[in-house]
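Both complexes shown next keep subunit A, but they swap its partner, so subunit B is in the first and subunit C is in the second.
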Partner chain A sequence: MTGIRSLYQRFCRTLLLPWALLSHYRRHPWQLAALAVMILVATMLWTGVSHLTSQARASLDQSEQAVAERQQVVRHDGQALRTDDFVSLRLAGVCVMPWLEVTPEAGNRLIGIDPLAARCFGDGAEAPGSWEQPLDGRPFVDIHAAATTDGIRESQLSLLVSDTTRAEALPPAYQLRRFSAGPDTGELGDSFLLNLEALGILVLLIAALLLRSVYLLGLTQRRNSFALLHRFGVSPDRVQRWLMLETFVLALICVVPGVWLGRWLAAGLGSGFGEALDNLFDIPLYAGQGQSWLTPALVMLAVVKVASLGDWLWLRFRQRLFVPAPVWAGVAAMLLLAGLVLAWLGPSLFWVFAAVALVFAGVGWLTPVAVARLAHWQAFRSEAPLVRWRYRELAVLVRRLTLPLVALQFALAMVLAVQALVTTFEDTFDHWLEQRLAAAYYIDVPAGSDSDEVANWLAGQQTETPGMEWHRVVRGHADFVDAGKADGQQVDVYALAPVSSLVRGWEFLEATARPWEHLAAGEGALINEQLARREEVGAGRTIQLDFGGQSLTLPVVGVYPDYGRPVGEVLLNADSLPDQFTPRSESYAITPGVPGIGPVVEAFHQIWGVQSLPMRDSDTVRELATGVFDQTFALTRAMTLLTLVLAASSLLMMGWVFFSARAWYFRLLEVWGMPKPQVAAQLVRLSLMLTGGIAVLALPLGIWLTWVLVHRINPLAFGWSLPMAVYPVFWLELGLLSLIIGLSIAVLMRRQLGRPGVAPVSANTLAGGER
Partner chain B sequence: MIRYMGFILLSGLLAGCSGDAGDDGFAGLAGLERGGGANASAEVDYLQPGPETSLNFPEDFGPHPQHRIEWWYLTANLKTESGEPLGLQWTQFRQALQPRAKAESAPAAADWPLQAAWMAHAAVSWRGSHHFAEKLARGDIGHAGATAVPFQVWLDNWRLSGQPDSNLWRLQVSDDDLSYDLTLRIKGAPIGHGEQGFSAKSAGGEGSMYFSLVDIAITGEVTMNNETLAVSGKGWFDREWSSQLLKTGQKGWDWFALHLDSGDKLMAFRLRDDSGSFRSGTWIPAEGTPAPLTADKLNLKMLETREGVPVRWQLRVPAYQVNLELLAPPGNYTNPGLYPYWESAVDISGSHQGVGYMELTGYSD
Partner chain C sequence: MTDSLLAVRGLSKHFISGNETVPVIEKLSFTLGQGQSLALTGRSGSGKSTLLNLLCGLEWPDTGTIVMQEQVFDAGRARGRGTTEAWSALRRQHIGVVFQEANLMPALSLLDNVRFRARLAGRDPKNSEDWLTRLDISELAGRYPDQVSGGQRQRAALAMVFAMEPALILADEPTGSLDRHTSDEVIRELFSLQVRYGCSLVLATHDAELADSCQHHLDLGHLSGV
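Moving on to the complex of A and B:
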């Protein structure tokens, strides 16, 4: 019997402790709900962002693998490829797959493929993408569906072969050519995703700060309970173990639906995001390629544990290492300074990201301390009692609301930086498109066709046709000769003739006087930013290019931005190209003027004797890209806005709770004879100072973050930078939001003050005993 | 017997039904099955052969576009110049996604129609190693197809072709590490299995049209991993077509085509299901009329398995004093295509000596 009783007593003791601990949430159910919602929403946001970016990155990789640097088969006689050609090649044993691009009168471009034919590429690296996905999406459809689409405006059949196919394996009527499904914008997409991922990490950080702030509030309120338990013989370590279990269970319960909601969010946003990627970068967002649910769940569990138990670990560390507060402030300032220097000079992406982390740590640490000190100093300076009261109260609030305030500061800075980045990015891409698509039409010269005859015809037409502009583009490679290196670096050659007005609107990062005139006279070369950065060559310097043994030395007359490509490029006058230069491709950029493209196409057909012309219409591409950008960045903005809403509502809740805790002190104003409306006005001023001040402090951090993203991360990752721009109207919008939060806290407090008075809350109850 | 493998392979590949994600078929083409082809003729239904259907030559060497599934199938027990045994298989399937009457013209190739899909397998077994290659194509484009006169079956650069007014055929296959170029001398007339060519596949009457050329002398060259071997030996050629899928509950099949040293030939198969099996076969004497074998005349027993696959069998046909033991050579002869299956030569001992081929499906689970 004794044994059973003892067992029962142990059982009761074991159960009573968690019951006593959990009784806090029975008394404060909204706090539990806030914690749960915060974990849930943070998990949802993090999972959503990371799922979308990982999915997009996988799609990007897959699409690059699918179409970039592929080979295709073309006819020697320049005739358009037909089904017969596919059959002839397959019967000859060549592993070739059809790629039919059709543009219907209404709707987007479709790409028809034959998955059965693609099987000969195998499942390994040679396979041109994963064609074993269901072909029910866009742009990939079964080739029969593409071929029989209603109202086909343009149709072009390409025949892709694997990278390992050699020219000798082809029947005599065919030759190999490079195949690219669109402009090479993969790196632009990479940059876009990189920044989205950085955003995801920041979301996680902000979520952790918010969680910690709410959890700490709970702990503060539970101190009396813990003390009581201690008096009943429960050791602090045991309480701590139960608290760890409590947070683990809470995290587990909230993280799982959070991950599910995050994937749901990603799926919901994925269609717009996917369409954007698809149209911008020719990258369909493949479904089902995202990470597993386990990774975000484990990450969020870790975040919750660190956020909630970090102080316990930290306190143990601090107990052993006593350091005065000014020293900590000094450490924080050093971190900030080190971060700023490192961000400026960091040699690699890793160091720049580390610098961002240091700056955020330093700012997060210093901001509350600095604001509190500033408030004390202001209070000390002022002689008006109310002003002194307000500043002293502000100092207390800032110290007690450190974490939600810092979270709001980070969220505001992030939103500001992302907005600036997105807008800059948008403008950049517009500029890039304007540069690259200045002409209305682009027509490739079929293999084996005489390009000069067409040039002569166009030159003749230009004098008679108002508004007609054109130039011939010859592309190839050359070796960039660096005196200090044995092997020259291969660069792309982009040669023009004549140097038409279609390109003269390009903007330069640096240039000598009259660069286009020098180029037209064959007395200079333009280089892209990538080459200029890599070879440390600027305007005015001389470069040497080697074309199969024949070299060409020219001064650099300008450096132009060239977004989205890692390759160095030299722009030359085509007339100055040496004989050894082998063109890789030739095309014509044409703005046909008043008569339209019809007569040009007709003349080209006649001169070249071909049935179809590979022709691209820049208006359609530009229109599509612009529309898609709006959609893409609407999504990015939505993600950052959600984070802002999370941070703002947390601050609102925390502010309200803390202001409520100090309601007794606010009532003292009434006791001292101040009318109620004036008390309310004081509260409004106090809360507006608090949240408005944070918005002001977020501004420099946001601008600095924008600078890091566009000037440091992009050049280090991709060799080109984005222009820096600031958007003050948006700052005002964010400031207004902060003020609305402050106002809301004041309004809630006004209602609180209207209720019957309560006993003053012990200072110790609220951690720190400040009054 | 490769018939039902064909049903599974290409049905799974292309002709998936609605609902189950697993039925979407390779690359999701199943969705195109209904109305996917150009010139679709909605009134045409699949034809299902029955006991009343007869064989017609040479037409039946060609395709049957109104039937759902068909195949051309050759197995060969060959020997190298040094006398080493070498097993060889070539198969080409046609899976209709949409039936088309024989009189109806094929849809335009420029529309890349998808009324039928083709698949070809080539395999060579030698010294315990097994080489396999697979090709796929859509029909009516031109790079895969079959004609009865002149007799040709091709997919890309793999081709089985007959010469007009001659009993000589040529089989050419070329892949990365496997190729062969063989001359087939056809001896004897086609043998119809079952009831005048209609071969039942279940007690319920499901079945297919099935005939074989069982006496084929083969010479030629086989190249594997850049090593070319001169080979000669005997082959067995099957033609089969139907429109019926496997009966519900049937799990797989075991099929044997045997060349006995007595000059007799024997084809036997069984379809396994939950309750047992459906057995059938044909006894083809060196002299005389072939005789269909019903289940009560045919006894098949597994004697030994290798990694779950039965590699040693006892096959008895008491009516003809046949009591054979069939043994696959050491090695793994799984064809690792879209849907793996076992295809190996067998050595025959017991009441008769000889060689043959064995195909086993449904053991991979």
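Moving on to the complex of A and C:
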């Protein structure tokens, strides 16, 4: 009995300390709620971004693995494959496997395969291990499941054959063709993922800063309780251990729903993101991929622990290594300088991202020091005691609110840069589309139809029809021959005949004299920016293209911008194409002139003998082209704005609570006879100086980041650059937002001052007596 | 009483605690002449600090009248902006308040604190250094409040108050956080300057000996209408 009682008493004694520590949150439940919400939202944001990134990475890997070195069977007449074709090929003894890619209305793309048919691949020389895995929807499913998926928006059936299959083994109506779900994106896919990962890291960094600021606030308010416990004989180490346990339990409780919400966010954003990926790299975002629950949960637990115990770890480190403050400032300045130089000269995307990290670290370190120094200098210069006091107060605030201020500065800079990038892209893309879509209608040539007859008819009509313009577009592939490399890089061929005035309004990044005339005469080729950058070819240089063994050498007469695609492209006069060129598709771009499109359509029907024409007008094409980017950019904007909101809320909360700890000194102004409106004005000026100053300091960082995105990261990641543009109206909007945050702090603080009970004793107990 | 600086008539103040009304001051009346000193004593919660807040307009009475430098503040009249501004002007120029602690702006040096207060009162801030010298802390002029002792901080607070050349000083246990020796020094300085410059003093204290040093004594624990 005595033993049980002693055990019980020991148990009670053990719980006494956590009970005393947790009593703080009984008095400040909102602080606990804020900390929990911070952890939850930060986990959600980061899990969302990282889940999409890992899903994209898995999809890229899967695509490369699944379709590498494969070939498919296609019909000679270009018609779509049907079940009969599969039967004919199997009866002829060809090992074929149906590959059905479906894109549902909601969700990611799926690949349906037939496991029975795939077995014959296993006997081949190469084992296509990629589809020997379980058909669990990652991304492979049974072909029946793919075919019966709800709300299929798009489906494409291919018949794959093993690499050992020779063309002679096929029945006469079929031929072999390389199978590829998309072009070889080289490093572009990885670069795209690197961009996403950088965004994820930035989100994580801001989240960690915010967590840390809220946690520090709690510690500051509990300092007296800790001192009391110390006087009662509780060792600081024991208090520290309980605090570690407290943050761990809180993190554990909040991280799990945060991860769940993050995955929900990723699922919600998945379709838009998938379309962006598909459009940029021709790589679909496959269903069911991405990281497990454990990784984000562990990462966020680690972040919470580091964010909350950073001080403790830092103090231990500093005790061993004492470095004077000016040395730290020097280190920060060196980081900043190294980052700026590296961003300018960095040879690859990795180095540019490293440079961005260095610049952010340097700026984040130097900003509070610089602002505090500036405030002290202004105070020193001023003769008026009130102004001097205000600047000194500002210096204190900057030092005390370093973390949320730097987080806000980063978030503002990021929003500013992303907004500039997106707006510039939209403007440039719109302008570019206007040039590209100069024709009113685009009509595809049906498979097996005679394209020349239509061209002859159009040429005859043009002389009789005022305002009529047209050209034929032939698309296909060629190998770009580089003398230094054994294998040529595949490029898209975009051939025109005639070189009509519909294309002559294009703008060039660089060009020789009279490029269109040279193209029309078959004496030159135009190349897109992607190819120019990748192969380091410019106007005036000569390129060599290989068309199935037949080569063509032409001078480059111009380089044109080409947005949103990773592949290199060569624009030629169709009359220069060698005989061995196999067109992938043909179409006509037509502005019909006065009689309208009716007679043209009628003539095409008659010539080709088809019931319906695959025809699109320029508005439809424009809508399709812009739609994809709209969704992508909506996503990007939403992510950055959410980060900004998070940073702003943190500053608002921290500012309010710290100002509250400082409330006595504003009350003292009232005691000294300063009228209340004047005290309120001091509050407003101080908080506006704080947030407005941060917005001003975010501006150069944001402009620099815009430059890095536009001129360094974008060309390295996507192969095309954008003009550098700035948007001062948006700067003003962000500045206004910062001022609103400042005003909100002042309003909250004024309410605090209006309450009775602001007493001098509160000044030091809440650590508000700093200078 | 023609030379009275401060007159209080029928002053009452109560606070609400839950559903209960707690009277703190009830029907208090007194007058204080120019250059006179009054000690307020009483147990904790007897209303010393509340009375000081009422006397400088930081709180508003429920009933009664305060006449300060011939300006009448009647609780019966609505507390308008004009009244608030009148009290602000009085505090700015004529009423010096000294608390137990935290009388100084932590972001300003001792000298800047004194200058700030003098400038706010419309006095010449050039005399600020003289006040620090008079209170024997001139060598600490450039230091910040957290760099000096509690006694030195209270001396600086006195320097601030006298730099504004007040007509009335309200001191709320100004030496409550100091040791006996320092406390005696600070109080000696306070009385000496108060007498020399002819200003009135209302001093809230627990110290009976200190209360006896004042010309008048009001024990808030034992009175109900004086």
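Rule of thumb we're sticking to: the second predicted complex is superposed on the first by the 447 of 771 C-alpha atoms of A that agree within 3 Å, B and C clash if a C-alpha of one lies under 4 Å from a C-alpha of the other, contacts with A are read in each partner's own complex, and residues count from 1 in each chain.
Throughout what follows, contacts are C-beta pairs under 8 Å (C-beta built on N, C-alpha and C of every residue); 3 or more make two chains touch, one makes a residue touch a chain.
Since this is a predicted model, take the numbers as computed values, not measurements.
When the shared chain is aligned, subunit B comes close enough to touch A:86, but subunit C does not.
In the overlay built on the shared chain, the residue A:434 is in contact with neither subunit B nor subunit C. Residue contacts after overlaying the shared chain place A:546 against neither subunit B nor subunit C.
In the superposition on chain A, contact is made by A:148 with subunit B only, not with subunit C. In the overlay built on the shared chain, the residue A:426 is in contact with neither subunit B nor subunit C.
Of the two partner chains placed by the overlay, neither subunit B nor subunit C lies in contact with A:246. Of the two partner chains placed around the shared chain by superposition, subunit B is the only one that A:114 touches, whereas subunit C remains out of contact. Taken in their complex, subunit B has these residues touching subunit A: 24, 26-29, 31-32, 36-38, 109-114, 117, 134-138, 141-143, 154, 156-157, 174. Across the complex, subunit C is touched by residues 384-386, 388-389, 392-393, 395-396, 664-665, 668, 670-676, 756, 760-761, 763-764, 769-771 of subunit A. Contacts from subunit C toward subunit A in the complex involve residues 56, 58-59, 84-85, 88-93, 95, 97, 99-103, 105-108, 112, 115-117, 119-121, 125, 144-146.
Within the complex, the subunit A residues that touch subunit B are 82-84, 86-87, 90-93, 98, 100, 112, 114-117, 119-120, 131-136, 142-148.
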